[in-house]
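Structures are listed in the sections that come next.
Here chain A shows up in two complexes: once beside chain B, once beside chain C.
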Partner chain A sequence: MRAVNHTMRNRAKLTGWLFIAAAVLMICLFYFYPMIQALLLSFKTGAGANLQFDGLSNYKRLFSDKTFFTAVKNTFLFLIVQVPVMIVLAMIISVLLNDSKLRFKGFFRTAIFLPCVTSLVAYSVVFKYLFGNDGLVNLALMNMHILSEPIQWISHPVWAKVTIIIAITWRWTGYNMIFFLSSLQNIDNSIYEAAKIDGASGPRQFFSITVPLLKPIILFTSITSTIGTLQLFDEIMNITKGGPGNATLSISQYIYNLSFKYTPDFGYAATVSYSIVVMIIILSFLQIKLAGDDK
Partner chain B sequence: MKKKATALLLAGFLMLTACSSNANTNNQADTGSEGNAAGSQKITVWAWDKNFNIAAMNLAKDAYVADHPDAQIEVVEYAQDDIIQKMNTGLNSGTASGLPNIVLIEDYRAQSFLQTYPDSFQELGDAINASDFADYKLGPTSFDGKQYGVPFDSGVVGLYVRTDYLQEAGYTVDDLQDIDWQQYIEIGKAVKAKTGKDMLTQDPNDLGLIRMMIQSAGSWYLKEDGTTPDLKDNAVLKEAFESYKELMNANIVKINSDWSSFLAGFNSGDVASIPTGNWITPSVKSAADQSGKWAVVPFPKLKNAANSVHASNLGGSSWYVLNNEGKEAAVEFLGATLGSDVDLYQKLVTDVGVIGTYKPAAEGEAYGAADEFFGGQKVIADFAKWTAEIPNVNYGLHTYAIEDILKVEMQNYLNGTAVDKALSDAQSQAESQIQ
Partner chain C sequence: MKTFRRSFIYIFLSVVALISIFPFIWMIISATNLSVDVTQGRMLPGTHLFDNIRKLTEQINLVQALWNTLKIALTTTVLALVIASLAGYGFEIYRSKAKDIVFNLLLLSMMIPFAALMVPLYQMFSKLSATAPLIGVNTMAAVILPTFTTAFLIFFFRQSSKMFPKELLEAGRMDGLSELGLFFRIYMPTMKTTYSAAAIITFMSSWNNYLWPLIVLQTPEKRTIPLLISNLGSSYTPDFGVIMAAVVISTLPTALVFFLMQKQFVAGMVGSVK
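== the complex of A and B ==
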């Protein structure tokens, strides 16, 4: 009896494995195999298809590459300025939209979420035209007599960065808002009622109840936004192409340039992309530690 | 059960590996044999710019199909960036099977393809006579003494000027013949003062003007060998930088941020001149109400550079045949059309406005025709004349990589860094980047 049981259990296990075998195979083939290949590639140098192993020379080059550091600096500037702004904005909007007295809730929620549905390329192109020298934004600001001459949104090193930040904030705030909204709806209303009875003001309720209870979501959105910003590509590619003079160059745009714009150097491009992997691991680890969440 | 599962897995693996190795052997076979299929083979062509390159290729196709009724030629339009991306990923994976038979490549990039993917392109052999084409096109289109490209778009530059604005400022077209950049800036200031219009429009993120300036003096970002950066102590480049700064500081430049705002600059009548390649002609002419108000004068030269001439090149391109199935048919097609057909070149001029670099074609009638849009000027003949004067330089492998470094140093220079320091910084960066 015991022996039969044993073989049956084994069989059940095997069937389970069989069910996921296809998925495991696919994951190995399409995720792990390219990752390992890319890691191997990062140790090779040479132009185009003439690649040979060259030890750590790509990694040495990385640490003396001024353009790479410009790209890292730009990307972190976007990260430090844009992610906090966006998350605070998403939180405020979600709290406002969660108000039970608000009318046309569905309309506002859809309107703010809608940018996330648009294609990255399409919205980037639209932003490029809006913020052109003769674009709608300049025209509007000049007609309202806020500006006397057009701002060079895309051709000036500082304004180009501002344009990119405005663009990504527009695109992603609604996306993060959805997470906050769903989490807010899980907070029991009786907590707020109790607070009201105790005489807590609106802002007090926000800082002492809402924010602490949203902590896991804040952590989640900040990690995903960090990863997203480190991989920032579509907006840069379509709005500024990294210019003027590398002022908005992101790490991903640099990888694209190394692979396709310059004489192709796929080995070094792989090295730069592995640097993003390392940065994401370190930053996510820090964020989890800082949030003090061990779960 | 277990056996079955392992067998299934193994079979799956086998199939996968079989597929990939199959593709490889196929590809090798393609590059070796297959010669007699020419004619019935379908030829695929990739190019960019519907109004220029695609239109030209379609004319070549029509001319060829008239003589070879069973020839199948498909012309596909892609953006230039997409072509580069597809070519690089395709060639890097070691198979040219998903790629076209004929592809258009910009001259600045030609060497990086020919040298980094050896054996991926088909030598043209006797299909064309290289010496029939403009000399400066032969450097980029050949490698290791062999001719790989059919030289095409000349990219010859001129200075397009608005005669009405100049008149208002007290100048005639004759005053702009054979000027240098200092004189150009002076005229620009006068135009701005009298008409309020800027002299030209520039994208600060595009150093095309610098490229045109230095090629006019036979200089480039790299030394003659095509790999050693030549930025520090390059007197020509230094003068080009200085002229560019003077131009930018003279308050005669309307800043644009992309191609469409560049076009809008002159189509809307905001700027008085365009220093650029002849491929801009169809776009200038698209503003039909400005007919008769434009003229084309020789490109300004650098004042101090001894070798500088009134002719240069911006972004010309050429056709290449890939080493894959159908290459014989593709070579034959190119050789019979853009490689030798004088009549076709006349049609290219009259129908599309394309000036090739095929020397015998310049004798034809279409090249001497007057153009009413340019006030009756024989612009094509002028461009053809300037084409013959363009200095030959070796673009080498790294035009765009170095240009990205220079863009940053140009910003630094415009913001106050000394020009020598900017160029020597660029030199050391280029040296560490180009390996």
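== the complex of A and C ==
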């Protein structure tokens, strides 16, 4: 009897492993194995397929590479300006939409989520023309006499960055809003009733009840947005191509250029790509730490 | 005071909604107009939609590209749903310490940026081109293989499995169903909303995928819609009407999938984020 039970339990264990086997295999094969390959590559130099081990020379090159630092600076600027703006905006919108007395809720929610159905390439192309020198945005602003002459949205180093930030915010705010909304719907209404009886004002309720309860979602959305921004590619490639100069070059686009646009240098490209890995690990760790500490 | 605040909320939300919708309105209107009308800021629908589509099909093989993208997106979605739901179910139902460790390791793959993978993956598929030309560079398989298993989707299914009534499984076992039978006959039909939400997410991201296909698909007849849109957008003398027609056509399938399945999507998302 005992032996039978034992084999049954072993079989159940084995079945469990069989259910997850395919997924584990695929992730090892297409994430972890290439990851190790990239690490090995980062110690090799050479053009195209002719690669030789060359110690730390790629890493030395990295620290004196001005283009790399420009790309890092750009990417962090996008990160520091765009992610907080977007998260706060998504949170405000979701709190407003969560009001049970609000009308046309379905319409507002669908409209604000709509940007998420476009491909990054499609919306980038649309934004490129909306913000062109003689694009609709300039035309409208000039007709309304807000501007006297067109802004060089795409071809001025500062405005090009602004255009990219506006574009990403347009595309992703609704996406983040959905996470806030679904988590707001799980908050028990009686907490707010109690707060109202205690005489807490709307803003007071927002900061002392809503924000603390939303903390896990704030952490989740800020980590995924950070990872997304550090990987920024499609918009840059299709709106500004990294220009003017290198004013909007992102790290991902630099890696793409090193591998597939200039003379292919896979070894150095892998080195640059590891810098993103390190940044993602450090930033995610910091965000988790920050969220855990200010309790 | 109260009505003042109310109207402020409505105005704010309306402005946000308008900004969200406006690019869609503009691209649809522009798709029906001539390039010159678009640059002059014409905001009324024109009569040139079919001309624009005809000109577009003269420049590129639109049908071929749509077909390529659809094949890739559908295959990816089916494979992704099967593999990820099996895994999510396996991790939750046959839970053990060792599996929890494996699960956490898989989650780490979400932190790996694609930029770090693209060069080794490209090398991997280039090497395969010689020995296994059917899955080497410039094939549909090369686009699909590295993208269909994601830790996010496994996580998504595992979270939803937490709410799955486990008594159903016991009842099924009593009735003599095998472990796989339980999964296909009981779990799958019960978790329809989760599958719908996962299908929308996967279909959309596969349909819209750009960077990996850009690297791995090299000949024009293999290319997907985002690659063609990107190419049209980079020409020096853009025909705005034609480009916007292409953008509208490329956006229609994902918009349609979203609108048809919106209810299940929201239900599925809510279920798994809890």
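The definition used in the following text is that the second predicted complex is superposed on the first by the 279 of 295 C-alpha atoms of A that agree within 3 Å, B and C clash if a C-alpha of one lies under 4 Å from a C-alpha of the other, contacts with A are read in each partner's own complex, and residues count from 1 in each chain.
The working rule: contacts are C-beta pairs under 8 Å (C-beta built on N, C-alpha and C of every residue); 3 or more make two chains touch, one makes a residue touch a chain.
Every value quoted in this text rests on a predicted model; they were computed, and no experiment measured them.
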Check: What's your read, chain B or chain C touching more residues of chain A?
Finding: C
Note to self: So in the superposed three-chain picture, is A:Leu114 touching just chain B, just chain C, both, or none of them (first/second/both/neither)?
What the structure shows: second
Next item on the list: With the two complexes superposed on chain A, say which partner A:Lys66 touches: chain B (first), chain C (second), both, or neither.
Entry: first
Margin query: After the superposition on A, what does A:Ser155 contact: first (chain B), second (chain C), both or neither?
Written below: first
Next item on the list: Would you check which partner chain A:Ile218 touches, where first means chain B only, second means chain C only, and both and neither mean what they say?
Entry: neither
Next item on the list: Answer with first, second, both or neither: which of chain B and chain C does A:Asp134 touch in the superposed model?
Entry: both
Notebook entry, point to check: Looking at the overlay, what does A:Phe260 touch: chain B (first), chain C (second), both, or neither?
Noted result: both
Note to self: By the touch definition above, which chain A residues appear in both interfaces, chain B in one complex and chain C in the other?
What the structure shows: 15, 17-18, 128, 134, 241, 259-260, 266
Notebook entry, point to check: Once bound in the complex, which stretches of chain C touch chain A?
Noted result: 9, 12-13, 16-17, 19-21, 23-24, 26-27, 38-39, 41, 83-84, 86-87, 89-91, 93-96, 99, 102, 106, 109-124, 145-146, 148-149, 151, 154, 179, 183, 204, 207-208, 210-211, 215, 225-226, 229-230, 232-234, 238, 240, 243-244, 247, 250-251, 254-255, 258, 262, 266, 269-270, 273-274
Next item on the list: Sort out for me which residues of chain B touch chain A in the complex.
Entry: 1-2, 5, 9, 12, 16, 81, 84-85, 88, 91-92, 94, 112-113, 115-118, 120, 203-205, 255-258, 261, 264, 397-398, 400-401, 404-405, 407-408, 410-411, 429, 432-433, 435
Notebook entry, point to check: So in the complex, which bits of chain A are touching chain B?
Noted result: 11, 14-15, 17-18, 21, 25, 29, 45, 47-50, 61, 64-67, 70, 128, 132-134, 152-155, 157, 240-247, 257, 259-264, 266
Notebook entry, point to check: What does chain A use to touch chain C in their complex?
Noted result: 12-13, 15-20, 22-24, 26-27, 30-35, 37-38, 41, 93, 96-97, 99, 102, 107-108, 110-112, 114-130, 134, 136, 139-140, 170, 174, 178-179, 182-183, 185-186, 217, 227, 230-231, 233-234, 237-238, 241, 251-252, 255-256, 259-260, 266, 269-270, 273-274, 276-277, 280-281, 284
